[in-house]
Amino acid sequence: MSRIRQLDVAVSELVGDGDVVALEGFTHLIPVAAGHEIIRQGRRDLTLCRMTPDVIYDQMIGAGCARKLVFSWGGNPGVGSLHRFRDAIQHSWPVPLEIEEHSHAGMANRYTAGASGLPFAVLRGYAGTDLPEHTESIKTIECPFTGEKLAAVSAINPDVGIIHAQQADREGNVQMWGITGVQKETVLASKRSLVTVEEIVDELEPRPGSVVLPKWAVTAVAEVPGGAHPSYAQGYYERDNDYYQRWDPIGRDRERFQQWLDTEVLNVERSAR
Amino acid sequence: MSRIRQLDVAVSELVGDGDVVALEGFTHLIPVAAGHEIIRQGRRDLTLCRMTPDVIYDQMIGAGCARKLVFSWGGNPGVGSLHRFRDAIQHSWPVPLEIEEHSHAGMANRYTAGASGLPFAVLRGYAGTDLPEHTESIKTIECPFTGEKLAAVSAINPDVGIIHAQQADREGNVQMWGITGVQKETVLASKRSLVTVEEIVDELEPRPGSVVLPKWAVTAVAEVPGGAHPSYAQGYYERDNDYYQRWDPIGRDRERFQQWLDTEVLNVERSAR
Amino acid sequence: MSTETQAVSADGTAGAPVPEFTTDEMMTVAASRSLRDGTACFVGIGLPSTAANLARRTHAPELVLIYESGTLGTKPDRLPLSIGDGILADTADSVVSVPEIFNYWLQPGRVNTGFLGGAQVDKYGNINTTVIGGDYADPKVRLPGAGGAPEIAASCQEVLIVMRQSTRSFVESVDFVTSMGYGRGGDDRQRHGMTGRGPVKVITDLGMLEPDPDTRELTLTHLGPDIEVEQVREATGWPLQVAEELSVLQPPTDHELSVLRELKATIGGTS
Amino acid sequence: MSTETQAVSADGTAGAPVPEFTTDEMMTVAASRSLRDGTACFVGIGLPSTAANLARRTHAPELVLIYESGTLGTKPDRLPLSIGDGILADTADSVVSVPEIFNYWLQPGRVNTGFLGGAQVDKYGNINTTVIGGDYADPKVRLPGAGGAPEIAASCQEVLIVMRQSTRSFVESVDFVTSMGYGRGGDDRQRHGMTGRGPVKVITDLGMLEPDPDTRELTLTHLGPDIEVEQVREATGWPLQVAEELSVLQPPTDHELSVLRELKATIGGTS
């Protein structure tokens, strides 16, 4: 049964040090406010999973929340590199960062296996690449009918899956639309789940292309208007492309980053509603 | 590229003797008119795939179209048995019928594998049942990460996949809504595909819960109003429950069946539009 | 396929007037009562659908109904005739594809209760809906087959079996295992790596059987009102174990009966 | 990350006035021309997105654009800044989940053309977008990683590689194989069970390379307008093979250039 919570309460109830945590959202509906709340609560040693660890994971890594990153593409989309991510991998700053690296198809199938209650998934993937050599969660499997060799990837079942959606109703049923990425799979694969939403409405009005998560499949819902900024929430606000540009010089410099962290995350009380 | 065709032309272009053919539609949107057209064109030795071979497959089997049936539940829903199906299996009438039998979960995953370009799919299925002993397309597979034993089923890739949908536009893009079962997977798994539709419209208006198949993923579209009767087309007409009831005594008796076939299928020219 | 219509009169409770009801009604009400409010239930057509919809209208308004056609959380205002009636899609929280309903919702053990029935059940709760007599290739009677049952039996957290009891249907050993109950008994489910608990109750027109905690053999634990143990033994195709403390099912209440009868009148209709 | 802005003047055709254009514009136009009308194209952000949208506005109005965010058949009226801009969902024939776009649409080989680029490409068309220098655990430069590329490289019917040419990026052997081209050459793709043909063209700011039919080594087959073979050799990190019949790319037409420049002006904007 999903319960409507304040963001800070939900994060403190659901996310603990050392947890495997997935914040998903493919360009659209990235749960940024929830990520900042995790930083604010000082969580440590997290294994952070995300197909596209962009600015929000750069921030969480820079803030020292992560022990390990599980991912398939780590960049600032349309801008360039993630400098906190690079600094952590290349110079162990602020703490060493272990990585587990996949392709998008591999990560998507790992969440799908997790959501399906299977220990692994099969795909035509990774053939001829150097990734399997460095990633233990990729193996080869043989088709029992044709003998063909394919890739197998192990399931991801995070302790906590966090996504952002446009709406929930007062009972905690969730609706999102537009590009919905791998969010349904993330919630269904996770032991506990948190959905931040733009607004809580009396009734969810069915929409073309919407994905609905019934309340009993979600642990907690928190109303956080603007909770996906600087990414976007279709029907609510556009992507703040300038923010992604402005992040580049901040992320490049440890001191500027620390200053940003102090003024924009640690010493503000965002989100509680 | 999908092309708009007359039903009879499309069936004669796409379906040949000996083909593996799947007519799908889970209770809703069953492509009955297309099945009757296959009977009318006198196709033989077909391997007929369908999760729920209900009245339409009873009719096609009784008419002698099928050499083999691949299925997971063969009954007249809410009424009882399929007597043409039983007669073919128990007494080889009108011709012997080979069967390949699965569960729903197995069949759904076989189509999914087919749609995904994989030779097999993995599921938690068939454990402790007698089905694998009689069905060669079920095997055991071991998880390369946990060692757990799971079921593997081989992909289905029909020569022709046939479904019914509510609408197509003039270019052949298809939209269906309501219970959409395994129809998308059937079309994507098949080498060639035919979609019969209630109507061809100028523009597909996006709808909640709809599934869209772009024209380039469909071989042919035929406008066949009422083409799912006696099943239903949400937004167009209700299920004709009486028809299913009335089928029982017709299907029970070879002579009554033959009479029905003559008057209702062979000597009528339905559907062409 | 005939509906049991013999009316029985039952002992009332606390002086309430005793309604008349059939053994089928008792069976449906007992099944309905087994569904806890707020849980999710995988519903097949026929009696399970009636029982689940009855529960939603009586003690379990928050029961989540899931049909294998892909409809999650349906709230039909009438009884559907098939598992894919339009009313199920119209009133669902969400309609998903058939692959998704099996892979994302059933398989991981998200569904609390699954309902099963069949042509045969044996003393370990294994079910046959495939073939009777002869062998598989040349059966005496060909039944519809598996449908969703094998994976419902494997993956629901618990299974309720609902079947009318007779020596033809309650057999020592089924002719074909379509859906596994406790296999050959004991911890056979664990050996097969099954995640769900298996059949926790077999509800019949004569009472209720439950698996012995060790052997998993089905044991009579409840009698229907006015049913004698001997009647149940005679309708069972193996030497039936009887629990030391045998209870009697509470007869349907007036409210349960009137809601049930209203429901049955709506079957397959248009509202 | 700097944009090549050096303008070159090209030989005109049939007396038409010769527009001025940059080598980057030539590269984008050459990529655009490689897309056949009515085919489906898996588009990444940046130059591939520009080239595909240019093609749709010039010779290939029926080109089907697929972005890995799950948008099938999008018809954006401006250039998106990311692969998941709202405009892509708004104008799509259908928006599907990310697992579905990879499993149902890319993996079975339904997509005719995939576009790839990277930090390094080697003489067999293998691409590196993962690490440069040092070793994997302790790299000199950590790059973003694989994204959708390994499976685009494997499963699209054919791949176009588009990259600016320099000895830093065109290397004898990549530091890390993120996406396989022809592996170690010859029939290495077949040995890996790959269904797609692999990189059929490498389009650069200096010309075009194509794989030798036997060895699969990338061979210079086309020069950009006003580009000399020696320039290309000097920008290539291995001894470059040159085709016996070397062609010159047709310079962009006025129409191509004006559409391209209009397009670039719309990037990421709101319409």
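Note that the chains are named A, B, C and D in the order they appear, and that numbering of residues resets to 1 at the start of each chain.
Following the convention adopted for this analysis, a contact is a pair of C-beta atoms (placed from the backbone, for glycine too) under 8 Å apart; a residue touches a chain by one contact, two chains touch by 3 or more.
Per UniProt, the chains are A, B = Glutaconate CoA-transferase subunit A; C, D = Glutaconate CoA-transferase subunit B.
Quick caveat: nothing in here was measured; it's all calculated off a predicted structure.
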- Contact-graph distance - origin subunit B, target subunit C: 1
- Between A-D and A-C, more contacting C-beta pairs sit at A-D
- Item | Whole-Å gap between the CA centroids of subunit A and subunit D | 29
- Centre to centre, by mean C-alpha position, how many angstrom separate subunit A and subunit B? 39
- Note the residues in subunit C that touch 2 or more other chains, in rising order. 103, 107, 155, 195
- Which positions in subunit A touch two or more other chains at once? 117-118, 123-124, 148, 184-185, 209
- Which bits of subunit C are touching subunit B when the two form their complex? 1, 45-46, 68-71, 81-86, 88-90, 95, 97-99, 102-103, 106-107, 126, 130, 136, 138-139, 141-151, 154-155, 176-180, 183, 188-189, 192-195, 268, 270
- Residue positions on subunit A within touch of subunit D in the complex are 26-28, 51-52, 71-75, 77-78, 80-82, 85-86, 89-90, 101-105, 108-109, 111-112, 123-131, 134, 148-149, 178-182, 184-185, 209, 211, 232, 234, 238-239, 241
- Touching residues (chain side subunit A, partner subunit B) in the complex: 117-124, 137, 139-141, 143-146, 148, 150, 152, 154, 206-210
- Task: Report the residues of subunit B in contact with subunit D in the complex, numbered from low to high.
- Result: 1, 115-118, 173, 184-185, 188, 211-214, 216-217
- Query: Given the complex with subunit A, which residues does subunit C contribute to the contact?
  - Reply: 38, 40, 64, 72-73, 93-94, 103-104, 107-110, 155, 195
